[in-house]
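Each of the next two complexes has chain A plus one more chain, namely chain B in the first and chain C in the second.
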Partner chain A sequence: MDQQFTLTKEVRGECLIVTTSGYINNVGGEAIASECGAHFANGIQDVILNLEYSKVVNSIGMSYIIEIIERLQETGGTLVFTNLDAAVEKMLSIMGLFKYARKEATVADALSALGRKGVGHESR
Partner chain B sequence: MRLHLTLPRIPDIELVAIEGLERLARHLGIADDKVGEARILVAEAVTNALEHAGDTPPTVRVEFTLTTEEIVIFVQDRGKGFDPAAVEDPDITGKLGSSNKRGWGLKLMKSLSDDFRIESGSQGTTISIRKLLR
Partner chain C sequence: MTMLQETTQDLLCARIAMLQKATHALTRALTLKDFGAQFAGVVQEMFSPVDVHVLFRPEGSVWWQPLMSGNAESGGGALPPVTDEPTPECVVRELPSGVAVSQRLSDGAAFRFYCIRDSAMTGDADLDVITLRLLAYFFDTSYHELQTRKKRKELVFSLNHRLLQLNSLIDTGIEVTKLEARESPQRLALERAAALTNASAGRVRVLRGDLLREEVCFPEGANVAPGWVTKSRIEAEFVFGEETYQFELYNKESRDGVEQFDATDHLLLDALVRQVHASLENRYLHTQALEKQRLEQDLLVAASIQEKILPAKLPDIPGYDIAGINIPSKSVGGDYYDCIPLADGRCALIMADVAGKGIPAALLVSSLHAYLRAYLESGIPLVDLVRRLNQVIYTASTDDKFITAFVAILTPETGTIESVSAGHNPVYCMRADGTVQELNAGGIALGMLEMDFPYQGEITVIDKGEGVLLYTDGIPEAADATMELYESHVPLKEFLLQHRHLSARQFIAGLIHDIRSFTGNAPQNDDITALYVVRSR
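What follows is the complex of A and B.
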């Protein structure tokens, strides 16, 4: 399994979709937070974090995700995790992240859920 | 089946331990989804140990004993030790708004394992984790 961290991003309206690959440790977590931070300045309201290709994460990496949740709370935005490996999902649950973030099976589901929230990210 | 490693403090070295775990598991015919939580445990245990390993030497000793039923993970550092009872249980609500968002390692290792033991003193810290591979 290649654990080299990379991320890709896509903006849909006011929603940033970040898809990661590889190990999310302090370096990966910081990269995600930095990417989100850059987009918050451009009016991004919600973040979808697709972890389909990240089967190994550590809690230091996740501490950066808590920063993102904190920032989104300030603006009424939402973080949605998608495509979670069962073990990663359990880890995030133990950390209590789902009290302040959502989870959906897929990015499409997350976009739909955010749309229902009234944010309206779907393409016209 | 047993694997012993001595890991130096270099970035991402915990991935070597995880790779070793995965290879042992594959050799024993254990499905990848059964080792998912063990991967997280190894990442937490090794990262935590390396952070507190001290400099004499800046290494941690890792040992896996793997059967088709369970994995036993042993991680030892030679740091200055700490009092596990004095470590506060982290809480997400408290972390939000706090400058320190870290400190989840012990909670995760206790919660994800089927048996968790820690011994710590001035000569270092040893963590033993038993994880059933259901």
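What follows is the complex of A and C.
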């Protein structure tokens, strides 16, 4: 069951990893967009959005995620979703987000995929 | 062409080229704010002013909102007042500190930008005005492009969202039917309803009368207690059994704040709530079906046990012709009969009828069978045997269960029959002289009373051609479609006398045939059991 929204972040090189917990609605979506926006100015190229603890996303929350994708497209960056619940994955698929963003099973997989692309950097 | 003219022309061309270059960046702006910043950049590059301010006024508003409030160095000071109402035609207003350009946009909104300068921009005022007008036109067309793109995106988003709502509705319907019994369909439906309607929170309450039996909140821990501020709210409910399921959604979200739920939201919530209702009903019916299936399996097992208890084949008793039958009215009946040869050459004849049918009756029959066999082997007197049976059956049965039984011991050589009836219907003893004697000495039915009840026995002797008919009340009480009883149609005694010349097997077959002919298609309401023993020499 989704609880009140919380967010944690981690920066690895030029990649921002955002892990959310709870309902991604207006509040949650704005918090994610705000966090990403703050890091874009610091040279963040890619974003990994770990939704392991978020099982419910509404369309307002999704509109913020779309903005992040658009922003990343401007700079050639990538958004990677990870740890998706089946229902959330289907939702993102129907909304057409996987045309512009990627999905990986785990954060490690996402980092690896971004590393192959040459823009992700593991912290040492 | 003069040198001045050439310079002016070159400058204009350069500015137009600059505008064309900027078009790409401007049309890719994601938001109006980005758009304003990009536009300010173009102006800055073109005129290198001290500062650029870009203002925007939405359609229907009287307030100008800054899209770009000057650069950091300038400190974004107060702007010179301009009172002109923007028109579809670009208005360029010279100010002491620069120039202000205003224009109404194609959708009714308006924009204004200030070019703050400390000197003339190019020294060619006409060229500057032409350039500023071009910039205004450029702003308008790019803004129009931005709005078109925004509307297209909103349309695609809206269509996808509708598709998502439909899909989620179907998926939720499937998922709630697949949930394990311990999982709550109302919880899943609440989550989906909140997400699909963009509700901030929701709650399901299950009430039995005024008693709150269950409450589910989404998000978990959301404060939706009475008194919580709700700006918009919808609800739906249904009654299942004695319980009312109330679904509530609160505060429909938008990017601009809370708005009212619309008709689609009502439809979605209603549809999801109906799915929960259907799911609960299906669960109930499924549980009932499983219970029925389990009972049927139990009945099959019980029937199998009883089949083993009832004699598959009656023993051969020299000098006697013997036949029996048991036709249960349900898959597991409550009648029992047997013919058990004893170690001393005698033979026990048993006929019993348990009050009730089904598994409880079968279990009691099984107990009777076990105790009877044990006591018969012990060789105790018949009346003591029946008395002990009464005690053990009383212990083994519930208050509403008892057994009527007739137990007899036949000594084949002499034709002596010692019998005790425990509340059973009389056994008919057919005499050679064409009379029928009733054997009914005994006492109360087995298991009826706890007390150590004394039973009476009786002894009779049958000669060649004489016999005894043991039966249960399913024979005389067999009814036809009009509920007339077989006994009133053909008294069993008469049937016995009329068919006494038949072999035991023929007699039983004839009796069953006669009962069937009488009852016709009427359902069999009770077990039919009979044991017929005739002395043949």
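Criterion: the second predicted complex is superposed on the first by the 121 of 124 C-alpha atoms of A that agree within 3 Å, B and C clash if a C-alpha of one lies under 4 Å from a C-alpha of the other, contacts with A are read in each partner's own complex, and residues count from 1 in each chain.
Just so it is clear, contacts are C-beta pairs under 8 Å (C-beta built on N, C-alpha and C of every residue); 3 or more make two chains touch, one makes a residue touch a chain.
All values reported here derive from a predicted model rather than from experimental measurement.
A.B. asks: Once chain A from each complex is brought into register, does chain C clash with chain B or fit beside it?
C.D. replies: clash
A.B. asks: Return first, second, both or neither, reflecting whether A:K99 touches chain B, chain C, both chains, or no partner chain.
C.D. replies: The answer is first: A:K99 touches chain B but not chain C.
A.B. asks: After the superposition on A, what does A:R71 contact: first (chain B), second (chain C), both or neither?
C.D. replies: Second partner only.
A.B. asks: Go through the superposed model and pick first if A:S54 touches only chain B, second if only chain C, both, or neither.
C.D. replies: neither
A.B. asks: Show which residues of chain A both chain B and chain C reach, each in its own complex.
C.D. replies: 1, 3, 23, 25, 55-60, 63, 66-67, 70, 87, 90-91, 94-96
A.B. asks: Can you check the complex and tell me which residues of chain B touch chain A?
C.D. replies: 11-12, 14-15, 18-19, 22, 33, 36-37, 39-40, 43-44, 47, 90-93, 95-97, 101-102, 104-105, 107-108, 111-112
A.B. asks: Under the definition above, what is the set of chain A residues touching chain C in their complex?
C.D. replies: It is residues 1-5, 22-23, 25-26, 55-60, 63, 66-67, 70-71, 74, 87, 90-91, 94-96 of chain A that touch chain C.
A.B. asks: Which positions of chain A touch chain B when the two form their complex?
C.D. replies: Contact set of chain A toward chain B: 1, 3, 23, 25, 27, 55-60, 62-64, 66-67, 69-70, 73, 85-88, 90-91, 94-97, 99-100.
A.B. asks: Which residues of chain C touch chain A once you look at their complex with the stated criterion?
C.D. replies: My answer: residues 28, 30, 156-157, 160-161, 163-164, 167-168, 171, 187, 191, 194-196, 198-200, 218-222, 253-255.
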